[in-house]
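Pasting a structure below so you can have a look.
Every chain is named by a letter (A, B, C and D) in the order it is written, and numbering of its residues begins at 1.
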């Protein structure tokens, strides 16, 4: 067990997987110098064939990832910020997500498209999006949104070994929160959600960056006798709602906390599943705590106004536990 | 084949390949008009010397990416006509199990990464395959076929930059048939396409895309460069599509967008006729050529008959193959 | 009143708006010859300055639309197929959706990005997507999904006159269904949903292409005494859920029919809103009839297997009206 | 100004403009390091002659688009230093009300379409503005400033193609400062940048971006072409950024990516020093120049003081301006 920041956990996952399998290659803009630190040292360790700095050409890079994967490599493409996934969107959406299916399953596409997502650092609208819902709607790509350093590591390792394209999004930029990470070669099973805290009064489902503040709030509320169950789905695709539905049979109340914009968010999806498969268990309206349908502003008070945080999570939970059918 | 002259057997096999594409697509064209084919079909008729000229320099280990007009590339690279026909008919026995159709035919076992419905989409895929080929270190190369219209997608320039920097074994084959859909190249494409490679230090040349030997020789030089680790090459093949952009266009276009005289002039320059004329000049007899044509006609007839008789896919198959 | 196909209704909206306002310009690939017929005749009528065929350069075109709109024009950019919105995604997502907000409201961006969407014609995976949910999640763009020729016309006219970017998606390729279209200069108010049929047993909300088969089914079921209320939201952004919620107070049962893939679909969003704001009215699980999270296949039996149609709509309705809380 | 020589007043106003950018950003650099500024800051120090040299040929009616390194362009095009400073401080009084910050500063009233956090993003916007300018028919033009790294985004080539075909009044100004982030241009950029324009028939030239007069003259030619309906021009300005890519880079980079001697050599070629030396050679006295520097110092001080004192935006403002 070591205490690592998110970015260090990612770095060690990359190092271990590259050491494990010579077919794993990594490329992207400035992966040698490593803006975030997550690819630091890999060039020195694995050399210029397997670790390549690229020109700023996202349209090409995403397509190259598909071509190289189709031709037998396991590709990690570092795209820096999630907003640049938009720049290279075409080959993700039209090729990576479809080529296997269109060709009747002739190939495997082991690709990890990785990027930092989310707000909170005054990076403003073009560097702060949380676009996992778009990739959920795309079909054909896995979507990983780890909420802890341990999962950041385990999920990245799983994604690299898996034969499907994965959009791997982590909040936190250059650091990210710290947490215990196992020393052993541990992977996190794909499409398996996780009960991060047991409780009986209400189910809270936080996505990615929202896991930490949710756990903080749950702990705080426990002291007041509000018992919060926290289910971290970890993977947005494949989305495992089994624990959420199971939890609902106990609590009957659900809040989903998502740093994405509200319309067609992961929160909406999970709420929709609850309203369908979990309907008979619901004792209260299903709440979504999301970002309003806005771009992320620069100035700290504006950014705070739009992003969910511990305070807003707490307020949502309090409101919902006190809901009485009228 | 790259550095030697072609034997009679090789020349006849090339003829067979070009004739296969032609007859295959003439059949498709007729079927498309008769409404048998489920989706849109873009045929390659008139451009056969490009696909065959390039692919005659390749092995099964090399990669190609293609376009919406992809049957010719598929067949030239060794794809099976019957498997292609069945795919376009939408049958379970198609090369993609009926999931892809005309615009997505692929055969990875033969290095055919596939046709592509996104104009310019194959260029980046080929660049990625070229990277894989370089890492493999076995002298493979990757070819991107694309049109003059696709050359206006910026990804082409992005690819030339990376391929030049990394000396990737990539060959960019731009088939300049003078039109993208219904737009004349002159209206949507500034300058000379092969010049676009120069600024990146990528060797480039223009070839007569209707002259098999010229394409084949240029391809030989490019493939040799690629296999020797000397990096990418850009080939602009000037050619013409003798049919419309899409077989159904006569049903919806308000007017013609090409002069009949222009089409006629290019019909005179039919690459297959030209190649046959070359063969007839002391290499093969008229009977030998005709025998090939009849052999292919039978093959196409059989493929079409089989395709029509083959079963549609089981609806349940729709739910397979999204993830590995 | 004239009986027009979808594509003709679009054509007349474009013609009327270009005639009305000289600032309206139209460009895209082959808009002169017009692959679908929707831009037919406009070049002849409005000339080469205002109607331009472009090279195949979607990355540029979407950005040009933003630049030209910021500089004072009303831009209609025809992108042919919705999948090519992915090719030009960067400037839609990073510029069109954000530039006004990021600059503190300094500008207006009157742009219509138009394309044909949806399956049913064996165009296969790269020409059959229904990506409205991605644009719903994007924030900053209106999303129009007309379901009838009259709305296709009225909504396009509204979108052209509006000062915001609109993603305007219509199913139907070269024709589309026929319907009555008013002759007068009629616009459809932005963000206002529409009760397409009144009923009391169940609320069905079809999106875009699903409006027609839903109405057919509703009519058929009426004969059996199943009374279906059909609410057509028309605009996905701004999404007007008021009529849906109102309808739920009557019916307590909801099916949303969406040709998009299920995860984070418009169906999920509407279901989520129902599970929140409409919770106390719900008498049954909220159902989504959507496309599975797959690419659209080519072969007709495969395509039929994945797309919603009248038969599947009918089955969903029957199942839900017979639901009894147990 | 384009076709005449510059008067003393004009030269001093140019000096003022360059010094404003420099002092403004030196202040920002210090503030960034002190942690006062909310977001990342990329400064333009060392490249001032490019923005000022180009913008000195423009009017408020012309359009510019800029980059993540956009303060220089903003100021050179006539944007107000105080409004800029307040924006970067994140204050309500900022030019974008605190919504944009350093990477999104814009002032449409002065034709400043804005900085841009997407590398290459401004190129397409400028092309669209050039289309608008052409339709307006008033002789306006549009300028896209972008870096050597951005030149590897394919959209640059797409823009040159359209601008050449349509003869758009577009000027592509590529500021080649030798680096994109921490990558040397030679490692990620094949060939000579200005050559990329040639294949499209877009006139191009390389200029010394640290020599104001050279930039200004080239800009004059390009602007004249644009205004006369002769179409686009590509200018590659060779320059250097004297600071890091981002002001915070010393806190996270594992090692240096440039030789100190290289930075030093370019510091010797400081464009403002060079311009001051030219002025000192018989045009303006040392006192006159110093007076300008002091005047600017006061202005920057005042802007920073005001910015620090100005209110943060009301959180409710976050919910405005998404839609018109």
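By definition in this document, a residue touches a chain if its C-beta (ideal position, glycine included) is under 8 Å from a C-beta of that chain, and two chains touch if they have at least 3 such contacts.
Just so you know, these numbers come straight off a predicted model, no measurement behind them.
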item	value
Two chains joined by the most C-beta pairs in contact, as defined above	A-C
Taking each chain's C-alpha mean as its centre, the one farthest from subunit B	D
Geometric centre distance via CA averages, subunit C-subunit B, whole Å	36
Cα-centroid distance, subunit A relative to subunit C, in whole angstrom	29
Centre distance in Å when subunit B and subunit D are each reduced to the mean of their C-alpha atoms	45
Centroid distance [mean C-alpha coordinates] between subunit B and subunit A, Å	40
Multi-chain contact sites of subunit C, meaning residues that touch two or more partners	54-55, 57-60, 83, 87, 90, 94, 101-102, 124-126, 139-140, 293-295, 297-298
Contacts with 2+ other chains: residues of subunit B	94, 96, 98-100, 104, 116-118, 121, 152-155, 158, 161, 165, 187-189, 322
Residue numbers on subunit D that touch subunit B, as the complex places them	152-158, 160-161, 164-165, 187-192, 195-196, 198-202
Subunit A-touching residues of subunit B, taken from the complex the two chains share	63, 65, 94-100, 104, 106-109, 113-114, 116-118, 121, 123-133, 135-136, 142, 154-155, 158-159, 161-162, 165-166, 320-324
Residues of subunit D touching subunit A in the complex	38-40, 90-91, 94, 96, 98-101, 103-104, 116-121, 149-150, 152-154, 180-183, 187-189, 252-255, 257, 312-319, 322
In the complex, subunit C residues that touch subunit D	25, 49-50, 52, 54-55, 57, 59-73, 75, 90-91, 94-95, 99-109, 139-140, 142, 162-164, 238
Subunit D contact footprint on subunit A (complex, rising order)	29-30, 32-35, 37, 40-41, 53-60, 83-84, 87, 121-127, 174, 292-295, 297-306
